[in-house]
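Going in written order, the chains are labelled A, B, C and D, and every chain counts its residues from 1.
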């Protein structure tokens, strides 16, 4: 951290800042510039909070120089984290496609869709049993029954299942049934949930919050790693901006930055970013082209009858096309031109 | 809802949309325009989801015509909701000032600050026992011990206390000690928490999420009212924008809109919006001038030693000035020029 | 447009709205719903302004049902617009790569870079002679001398040149030298410039403003088409959001929407979106994968000595890699899997 | 500027950065920290561009430590700039109220409104003769005729007039007729216009661009001061965010920051921020309470017939109330509680 002083800061003010820094166990190094003094804070392990310095007399600014995260960082662990889910490997150069309905609605619905997406190439099945819904009057998911249906889908199709956990109350249950436990965008900073996920025995798929910076997102993952669970898959799903032609704005440069900053695998959810079916395939191609290690896509065989998020669900034949296109781009990147 | 068709939509496509609407139990009313047909959806109680219609063949757009909330709406209940907290009344034309540290750090810290703010005019004391922190390495609050300290503060000063609940696990405990239960911005769409708050026996202070629309915020309140607890105080605390000279951008037009749309009281937290001490007093004046029914402000007697958020905490003498200024503006609005 | 009335709107208020609509020459069609009346506005050609209706007594909202643009819309002209620039064709299924430095700094700099990018496959050369700079103290471009250098580059390499016009004063000059006239993001709503571009005899490359909606962007293009120049290339270059790990957030769903809504060709500028060299190649791949019909990329042989925007300029060997990768993705999309 | 190196940056990479800094005439000061080296850039006058350093091998980040502006800064000139417009003084502790229609539509319209607002207390009259309109099909203003009408309004009412200039072509004309020349939000970074305004002989009212940071806004003003015209009034008018219950989000902390950072006067335009009549009065109260030195408000005697922006125009009796309320808050701040 660098504490920048006002041009007119007095010697006493500078000394008070130095004392405040050292009181906290750090080393203060004043750096006289042409016009003003800045004070570097050294010998800190991990994150230094700017709060105590901002707002002191004579202080103009306090600027973070280094990133706040540690365990999730590539500076801490250089090699890619590779996560096994059944026979599927996430993060070692494969492209992993997760597909299924927004919500599990019935056994026949889930099985129908699972068979479709399996046939087209999907390696994992997604489906919500507990659904976070903006309205208390909307369908909230089948709950425990939904988990049972997911277990049957796995049994019949062999596809491992990804499903969301919404609270501590149902965590044990979801942990028991899921192959990958999803933490949704609205819960990205539900720190109690993150702590619990830190000692889960299953991999965690952590979606980016809709107004989260990469630092905040990686710090959310840091909670999980710090708790002892290093099996975290990050999932970019669009951020909220002034733009309204898509439900969210897919931030693909986040994929590049995460690949550089962290060893954790990162996938993309184009369905929630788009919010409309006709943008899902193009955004999926873009996500794979930018370097994402997987996709999570909503598919429904009868979206006009879906109990949630029908507008963004692909028809099975559209998913088939999606799969073919992204696989082709991925193979192309792997072989020919190379990604590096 | 209005479903807008493409100019070239066929008769069959229009009929399919009409059938899809009616299958869901609504009435469809096609409205031929000059160039295209739109289809109104009538006889719906409450919220209609646009998902099943968006993405149907021939559909260009599906536009919400009415608001999704019901119980929180002024169209449902015209009179202002008035909430009693001890001797303090929120929402009936009073200005309520809540003040205290970000986190309870010790009994002497809490008591020192409580006595300061009480002397200056504050009617409620705030202080966090459970703290949501971006970093797992930051101070997370004193937990249960913090709640005991809050109880002592209440006992010694007579000030009712506002404190945050972060999860279901500690809800009973917080409910027992708090006079007002705060749900923070990061938990605004933690629906499990909202459902639990719906049968709490204490008023709930519901902060706006940092990227929440007013509709989403009022729908979060709707969860609480729908559960049976109508004692909800809304709190605007700034939203995340491209702007970085303040931590968040305080959205004061939200206060006007909420006052018009809902019967629930609304207050403003200028401290988290600003993130820097020097903006807190001006924003407090603005919040009261726009019509907010209260303020929640962070105060610390030694902010440079605070364990969290020191940068935005006012010194006691600054809080005294704040109180004097906002009270003066409030009195002025009440008496002289009038607010209406 | 749909004017939505309050639940409690009186008969007189509804009649006043109807009268206000008809006074403007439109047809008003009241649509009684279950709870409230809405009033459709029909028989309007082109855009209806919501201003006169919003704010009338009893009016709750005024909602646009149709898009405001006409000449640029695919509903008006179905076939793709194809633009010839020398031997290069933009918009008919080719991928067009424009490359060059941010600013023309000298003849030798421009020629060195032009030869590099031509060798790697670029079809057009970009380079600024007039530079919009945030600071009056920054290098503002070589002006007329820069245009002369561009002419020499074209003469020696055969590459047509794209360069920016900043004002009416220099429009004739830029029009004379450029093969494609660029209007920058900051000037997207400089309506005097747009009107002048409407009777330019060269194609116009119109960048999206950094906070522009697609409607606003297409309306800016509408100014040019309405003036008689139908040769407009749209260029997505990222929008401003709360995100700060890239200079702007590249909005790739905008490409999908524009391809659907308009017949004009759309390309992407990954350099200004990223603002940092290491994100440019991945974003270029994503842009081509999403369906963009071209790229405009900054390249410099010695970016650490560049007079502007060095941080985002690729080294020639990086551009070579970029070209190879995006061409490979493009070929793949065209042939194998298909884009549709 | 501080250039932050990777943890693994080599000695050669550090030396190359030092050399690059010194080649540009600055002093480089390496600061060894615990884990990584940072390099301070000293002895720079004015703005240092981060571009040449970002993206060099071994460089992780380049962080601005000081602000880029100079002439507009309070560090450069401590005393408030005071601007005389006829008998009206802007910036010396007065509250200046500018009011009038969005566009001048006719002599009788302009005069009617001018007399209303004068009677209610307005000190300056606003009205557009050249109107920037999103659509080429919307009313674009009366042009020169509008300026003649403004001159008549001034003659008959004694109110000085504020009107917008859109391009170089009409600058001389607007300069001749206007008492204050307005540069609109869309032109905030029209640098040719700013340079021309730098040698105008009239004060300039510079609106903030709808996605401009304070640094960019002050740098736009710097262009004008650098050109020789120090009579600049800044005008906050809301920024574009994800929020859609108001047309823009009024950023009132910007007022506090500008008052601290710059000696230029700052006023607020609540009408364009709100975009809806019912938010204008509350936001005006807030703007004055936060410390703005003036307001610019749209008023129309028959807004439902207005040729532009009727939705946000106040009725004369509403403006009367607005004036009374804000004046009362202002007097209250001046006298009693004090603002400091």
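Operating definition for what follows: contacts are C-beta pairs under 8 Å (C-beta built on N, C-alpha and C of every residue); 3 or more make two chains touch, one makes a residue touch a chain.
Computed from a predicted structure; not experimentally measured.
Participant: Steps needed, at minimum, to get from chain A to chain D via touching chains?
Facilitator: Tracing touching chains, the least step count from chain A to chain D comes to 1.
Participant: If you take the mean of the Cα atoms for each chain, which one ends up farthest from chain A?
Facilitator: Most remote chain from chain A, centroid-wise, comes out as D.
Participant: Please work out the Cα centroid separation of chain A and chain C, and write it as a whole number of Å.
Facilitator: 31
Participant: With chain centres taken as the means of their Cα atoms, state the distance from chain A to chain B in Å.
Facilitator: Taking the average C-alpha coordinate of chain A and of chain B, the gap between them is 26 Å.
Participant: Give the residues of chain B that touch two or more other chains, as numbers and ranges in rising order.
Facilitator: Residues 211, 240-242, 244, 278.
Participant: Which positions of chain A touch chain D when the two form their complex?
Facilitator: Against chain D, chain A makes touches at 2, 4, 7-8, 29, 31, 33-36, 38, 40, 42-44, 61, 63, 65-66, 75, 240-242, 244.
Participant: Residue numbers of chain B touching chain A in their complex, please.
Facilitator: 20, 23, 46-47, 49-56, 62, 68, 132-138, 140, 166-169, 186-187, 189-193, 195, 210-211, 215-216, 219, 222-223, 226-227, 240, 276-278, 303-306, 308-312
Participant: Along chain D, where are the residues that touch chain B in the complex?
Facilitator: 211, 213-214, 239, 241-246, 249-257, 260, 273-274, 278-279, 282-283, 285-291, 321, 324-325, 328-329, 332-333, 336-339
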